[in-house]
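In this document, chain identifiers A, B, C and D correspond to the written order of the chains, with residue numbering beginning at 1 in each.
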């Protein structure tokens, strides 16, 4: 099983990235930094006769990359108590995939496994919980098992290394992801 | 007291708009349809020496409009169990305002009153609650009193008119907003 | 369809009761005031060979009353941000019913409809939401449709009458419950 | 600094207890098993002239024990998506302490530190979150810093030992609590 990380941050080498990279250390993963791609907001055309049209951006390409992997790691700084706007815009576009693919998108996604890593500065272990609940609703709707999440606390650049609990949790996640890879190699 | 509506929807005359307009019927309000403006995602430059730069979009203009009013009504369809990505991007940019204005943004916002109207198709009264909790954290941080919210249920265009509870709640909100205007006129 | 109210309050004629009675005005309902009954806390004997034993209290009798009705209205003051301890103890005992009845309890409960009315003094519309989410998980587990809830704000005795939104919501619930009764009579 | 554990479980040596004891291994702690005490439900007499009366149970004695310690560890199995009814009844009684002590209860509690350990069988990392949010509201109201929580997953007796994340988290909490004790000894 292979892993793709969807990064929602807007800063190079941010706390979320530092923490997330600990969880995939030594693994062969693909990384999508949403900030480096053009993903336009959804236009709600679900109810039009024409349906959605090609929006001339990188959305479909990113979805294609996701389809090559079995584990999706959503890694986002907690901006204003939820995922970043660019990650939200990306997820909003799933409505288009749902409509266009006639169920295939949902079917394919439901075979994967999802993890969330979120780092915030303002009591993320409490004030980040609605974000976790939101992701849970998202994953339930699409049918992806929500395998786990890590909430880390950090504000200034690099500060995440002092969050011992988050660092340990990243270590455990690494073991878990390594376990998946190992099983695969055996088969 | 005057009201500004920040619309997060991406469809003309959507259910959220229909419901929200019932709550401001006959009042003199300003409307910002975020979909018609260019608001770029935040770039997290809080920790750089240079700070934020002018992003050449409509963000600052929208903030200026907000500053002219006392009541802000955040009206968003519930996309994937929270506010739309374009509304999230707009709010993410508040980090820039916070940093640039040296406290003025927070001070001005804290004198206003905030309401949220959200319409969704998948059990909004339950699955929309994390969104309400997110808005609550947002408003608490910025210091705006969270005066109330309405969650409506609708999926197909126009369907919101059948949500009696939401319609009644919009009527009560209208009375409340009228009360504010009235008080103002008296003074 | 007939309605039973499970009252979790500990004060006569409290705000929760005033609000709830508005929602059933003129209807033929049964009322269980938990404070007037003896319901012992659960003892977790799910994993013992003997299982649960008769605890010599009123629990089973209350469950029998519930089984005579189709609509269950859980009406509780919000104590410390959730249902009262006596209501929680009552619900905890459902584990016993689940184990003892071999699925019958779940089957019978799943045919009913549940409503929640909660009144609290400290921002119930926000801080009461975890309670609503708890009830939602409870109802999902047992399979009862969660038809709706009302959160009211009041502190001093009788104060609930000033919560216009809650009063209106109670009026709408009354219409809804009357609708059920009417349908029944027609059949 | 010394620690008191308030146990809300109703089974000897339950999963919550096993996990919690890992977090205090070797420390000198006091344990209150609520199931072994008589704590009557609150009667809401806040608004009566007489106020609360002596309920002839163990509540006041338990509060006295708590007052001797600086760290309070609330350890409860997750029954029906929240703390057990006996723990809720105990907390409900705080309303009495608040009223009777004229602010002393709040003042004393606000000098302590609170932790929560909850173990459940049905997706506790998601469905236990409203309980965490509820505890957060409780602690905020009373003014106790909410220092951390552990959610563990287990159903059958002893099963918690297989929840690696919870076991690790208990180890980290032990380090944290040991740190407190050490600091104290140094002073």
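We take it that a residue touches a chain if its C-beta (ideal position, glycine included) is under 8 Å from a C-beta of that chain, and two chains touch if they have at least 3 such contacts.
In this text, all values refer to a predicted model and were calculated from it rather than measured experimentally.
Asks: Strictly by the touch rule at the top, which chains does subunit C share as contacts with subunit D?
Replies: none
Asks: Shared numbers divided by all numbers used: is that above or below half for subunit B and subunit C, i.e. same or different?
Replies: same
Asks: For subunit A and subunit B, what's the span in angstrom between their mean Cα positions?
Replies: One centre to the other, that is 26 Å.
Asks: In angstrom, rounded to a whole number, how far apart do the mean CA points of subunit B and subunit D lie?
Replies: 38
Asks: Quick check: how many Å separate the C-alpha centres of subunit B and subunit C?
Replies: The separation of the two C-alpha centroids amounts to 34 Å.
Asks: Where in subunit B do residues touch at least two different other chains?
Replies: 129, 133
Asks: Pick one for the touching-chains graph, please: line, ring, star, complete, other.
Replies: ring
Asks: Which chains touch, pair by pair?
Replies: Here the touching pairs of chains are A-B, A-D, B-C, C-D.
Asks: Would you pull the subunit A residues touching subunit B in the complex into a rising list?
Replies: Answer in residue numbers: 9-11, 14, 35, 41-45, 47, 77, 79-86, 88-92, 94-95, 122, 127, 129-131, 133-134, 137-138, 141, 156-157.
Asks: Across the complex, what residues on subunit C touch subunit B?
Replies: So the residues of subunit C touching subunit B come out as 125-126, 129, 132-133, 136, 146, 148-149, 164-165, 168-169, 172.
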